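Just so it is clear, A, B, C and D label the chains in written order, and each chain counts residues from 1 on its own.
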Amino acid sequence: MSGSKVATMRDAVGALVRDGDTVAIEGFTHLISFAAGHEIIRQRRRDLVLARMTPDVIYDQMVAAGVARKLIFSWLGNPGVGGLNAIRRVTEGADTSLELEEYSHFGMVARYAAGAANLPFMPLRSYFETDLPVANPLIRPIESPYGDGTVYAVPPLKPDVTVIHAQRADAAGNTQVWGLLGCQKEAAFAADRVIVVVEELVDETVIRADPNRTIVPGIVVDAVVVEPWGAHPSYVQGRYDRDNRFYRDWDPISRDPAATDQWLRDWVYDLDGRAAYAEKLGAERLRALLPSGPAPSGVVDYGEYR
Amino acid sequence: MSGSKVATMRDAVGALVRDGDTVAIEGFTHLISFAAGHEIIRQRRRDLVLARMTPDVIYDQMVAAGVARKLIFSWLGNPGVGGLNAIRRVTEGADTSLELEEYSHFGMVARYAAGAANLPFMPLRSYFETDLPVANPLIRPIESPYGDGTVYAVPPLKPDVTVIHAQRADAAGNTQVWGLLGCQKEAAFAADRVIVVVEELVDETVIRADPNRTIVPGIVVDAVVVEPWGAHPSYVQGRYDRDNRFYRDWDPISRDPAATDQWLRDWVYDLDGRAAYAEKLGAERLRALLPSGPAPSGVVDYGEYR
Amino acid sequence: MAAERPGGEGGPAGTGAAAAFSKSEMMIVAAARELAGQRVCFVGVGLPNIAVNLAKRTVAPDMELVYEAGVFGARPARLPLSIGDPTIVTGATAVTSMWELFAYYLQGGLIDVGFLGAAQIDRFGNINTTVIGDYAHPKTRLPGSGGACEIAINARQIFVIMRQSARSFVERIDFRTSPGNLGGAEKAERIRREQGWLGRGPSVVVTDLGIWHFDETGEMRLDFLHPGATLDEIRATLGWEPHISPSLAPTPVPTPEELRLIRDELDPEGMYTK
Amino acid sequence: MAAERPGGEGGPAGTGAAAAFSKSEMMIVAAARELAGQRVCFVGVGLPNIAVNLAKRTVAPDMELVYEAGVFGARPARLPLSIGDPTIVTGATAVTSMWELFAYYLQGGLIDVGFLGAAQIDRFGNINTTVIGDYAHPKTRLPGSGGACEIAINARQIFVIMRQSARSFVERIDFRTSPGNLGGAEKAERIRREQGWLGRGPSVVVTDLGIWHFDETGEMRLDFLHPGATLDEIRATLGWEPHISPSLAPTPVPTPEELRLIRDELDPEGMYTK
């Protein structure tokens, strides 16, 4: 509706992400904004609290680059490959300098939902007879007011900034996603500031033609960044596949602090943005990630009512 | 996947709706299964607890026909017209024989959500400083376990039967809706038994081509009834418009108990189902309810990944 | 000032030919104008619906319309008869489940104005839409809360549109469905702060006789008197002695364009304006 | 019985040529077969992923696959490398937010089997996937719960697949991430009843050496020994004295078709089976 929120990644991160912020780059295996993570590294943000259900390779890179003081999470790994080595170096044995605040997946989702809904807590039937409420005293029992027992509660999570990646948005930030939706809607509504990164900027009429597909309305969005391939090495349903080789390659690199630093120089600090990154990956590698064919959704008719 | 659940409305209601049941026919102005309500009247079910956010004309008709002993609701009216006269006759003055259990809209939605999620309660920021918790002692205060105050809770609502109407489903009951979604997903997941009534039965491949459009999976559905025009006089996005004349005509009819009985005879008891009802309405009246033109959603690509 | 009769008349603000208009039309126009500058409005059933749709076509073209049915950014091509209507869906920005609409949009704090109707209201803007008489054995059973209770608590401010009468503007409402300024501004502000409400309560009540805002005590104060209405009529349709603004002004009459929009586009059948 | 070596060999059940297979292949095949007759399976990350996908192609073609990423009724055209993969979306019955997946599908009680992996397990099927060593200063930081904690509580029954070793099958786990039969069946059943759990706890643990079910005391009992495995090997890879079924039987060896599916379709790169 009102003015365009389209910005470069540099400007969006520059204006909206501040030292000490709680930052959630969300997207469950799908639509992970590596582009935003790299820009945060490039701008040398410090003391961030990084929230994410699955702090995978992107948070391993961010921790390696020294932007984070704490993680809030529910599953810590390089999915399908193994551990996150940079994070392990500061969470195991003698060096446990990275603070951890740990939930289960549903606990994290419920935290974002409570944040989005402005609730002081969200109840859930997890954590019974586990050590998680001991490890994290923010997981608390709560008695039902109907006399039928006790469940657990988690507190709201309200990030200062949430970053999500999507297939498309209009200039006002009305955002549509298909495929896995993760907890992006909840994480965006819960946040004070929201950056949406998209593969494609579309006209408002494309959004309004299929309003049920909208997951985040422009009213909660502060910046729209157009960054094709911005989710690589994660994937974008219908656009490109997961680059499994990247996840596997990260394992030996991240085991070696010097190799990790070199990787950050080569792929983050020495590049000026996502276009350069995509170019460095090379057309051939990107082409191999295209879907093997189309899988069209079909059309539904909303009908005109005058 | 497994066997077909396609049934006639007569068989579905006969097998799944029992005297004394709590029945939710849900759909917020959109997709209201008048066809199921009429079949319940026709089969002379008794002592039902009727749950619905907005007990509009359909529940006025069901109450007039004597099927209900209680309403659970949040807004009681003939939308855009006025009151529900049959219900008023048994809730005002000397005759308050119809029991009422009353919430706000969000309270009702939260009750279904708690039922669907198997939670003992759902917290919400409604009811502060109102008389609603006095009128309904099931609305109870609950203290946050984080020491930041008190909100209200509502208990789960788990209907014995939920009936929803949809644009389309496959024979296994995988159901897709566009336009207003109301609380149908929550009401269906919360129920013990679910009847889905559809305008169109489609092949499983239509559903699987656009899985983000599915609101209810077949696993929670017990019967699929194919009943075009089954939501009349309410509407089906993209198929037919609201028949406003019907809602207005109901007002004088429902003010007169004899006229109400006559209407029930003419339009429910003496007809053997929805096809006869549509025929009696007449092709001309139905044609006038078609949208003035198409409004296609556009296609998205999920991509083939082999 | 126009003659005192239903359907007062007056010249449009500024110059131009005089146009006849009804009290309902004046009420709707005045309510619509109050929405100038508002960004996100939660549209209630009934009169709010037409007032908000008029505002969208006049003073607030960029305002986002939110319908509790689950619609954000509606662009109704016709006046929706009820708050659920296929025309609020087609061409909207987002359509969502009611859970998400109430939880994330309303309770989450995105609504600037909640626009409500009412059956009874008191001087502090507390609203009853539940029953007239005793709750268990009511004289009249009204629709109930719908979304009004949570809108009153969670929308940043509340606008009310309703016809004035001694039966509706009462000293004591029979049931508090939606909280206004409770027993006065001081108590209301303390409770809102303590309980963390996002809403700051009612800010305007537009009637068929005038426009009321809320003063520092939390009470309604008459700031504008519609053409054709008198202070005697105001007093005769109120259950309390009203606060009247020392700078009470006449409400500018509807413009021909406002009347045309109501009569030709929004309510050609006169459902709201008869 | 086949010679004791990694990659034991044996004839397919019934007749046919002997085929060589690895311990991992035997484990995956045995786990898949346990799913015969199950209707809805929640698929965990890692080994459960390949076992469930094999079952879907063999003993349980109608089984609905649920992925915590938000997918119901997945029909992956290839083995998803991780539990979030575009191939689990395309052609699925329903894709939903994770809120709805966890709240309505899992916590709502629709999941028959939750299929988990584990880093440590005890005799009662309690699982640790959080840390080895002290929580605050762990020797090894493991991934944590993910969805395992709520799956263990809310899925009707739990299947576990993991390789056996003295480090993983321990007398006392370092952290209880996901509850099994707690300190034994009696206590576990009382607590589940009192707290209204939907889950009845673990029912099978399939390892690279054998198949364990849970007996009436709530402890693991070895019912099948894989070809090539010995009871000495079982004992050497356990932190407690095991219950062995009096009717202990050899696990039927993989069929050529099962091996073909694993090698040609599901895991051509040998990620899981090397």
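The rule is short, and it goes like this: contacts are C-beta pairs under 8 Å (C-beta built on N, C-alpha and C of every residue); 3 or more make two chains touch, one makes a residue touch a chain.
Since this is a predicted model, take the numbers as computed values, not measurements.
Peer 1: From the centre of chain A, which chain's CA centre is farthest?
Peer 2: C
Peer 1: So the centre of each chain is just the mean of its C-alpha atoms; given that, what is the distance between chain C and chain D in Å?
Peer 2: 60
Peer 1: In angstrom, rounded to a whole number, how far apart do the mean CA points of chain B and chain D lie?
Peer 2: Here the centre of chain D sits 41 Å away from the centre of chain B.
Peer 1: What's the distance between the Cα centroids of chain A and chain D, rounded to whole Å?
Peer 2: Spacing between the chain centres: roughly 29 Å.
Peer 1: Using the touch rule from the top of the page, what residues of chain B touch 2 or more other chains?
Peer 2: If we look for residues of chain B contacting two or more partner chains, we find 113, 118-120, 124-125, 148-149, 178-179, 181, 185-186, 209, 212, 237-238, 241, 291, 295, 302-306.
Peer 1: Give the residues of chain D touching no fewer than two other chains, as numbers and ranges.
Peer 2: 71, 85-86, 89-91, 95-96, 103, 107, 154, 196 - these are the residues of chain D that touch more than one other chain.
Peer 1: Quick one: which chain pairs are touching?
Peer 2: Taking the chains two at a time, the touching pairs are A-B, A-C, A-D, B-C, B-D.
Peer 1: Which of the residues in chain B come into contact with chain A in the complex?
Peer 2: Within the complex, chain B contacts chain A at residues 118-125, 138, 140-142, 144-146, 148-149, 151, 153, 155, 167, 178-179, 181, 206, 209-210, 212-213, 237-239, 241, 291-306.
Peer 1: Touching residues of chain C toward chain B in the complex: what are they?
Peer 2: Against chain B, the touching part of chain C is residues 45, 68-71, 81-86, 89-91, 95-99, 102-103, 106-107, 130, 135-150, 153-154, 175-179, 182, 191, 194-197, 271.
Peer 1: Quick check: in the complex, which residue numbers of chain C touch chain A?
Peer 2: It is residues 39-40, 62, 64, 71-73, 75, 77-78, 85-87, 89-96, 100, 103-104, 107-110, 154, 196, 198 of chain C that touch chain A.
Peer 1: Over in the complex, which chain A residues touch chain D? Could you list them?
Peer 2: Where chain A meets chain D, its residues are 28-30, 53-54, 73-77, 79-80, 83, 87-88, 91-94, 96, 102-106, 109-110, 113, 124-132, 135, 148-150, 178-183, 185-186, 235, 237-238, 241-242, 244, 291, 295.
Peer 1: What residues of chain A sit close enough to touch chain C in their complex?
Peer 2: For chain A paired with chain C, touching residues are 1-2, 113, 116-120, 174, 185-186, 189, 207-209, 211-212, 214, 217-220, 302-306.
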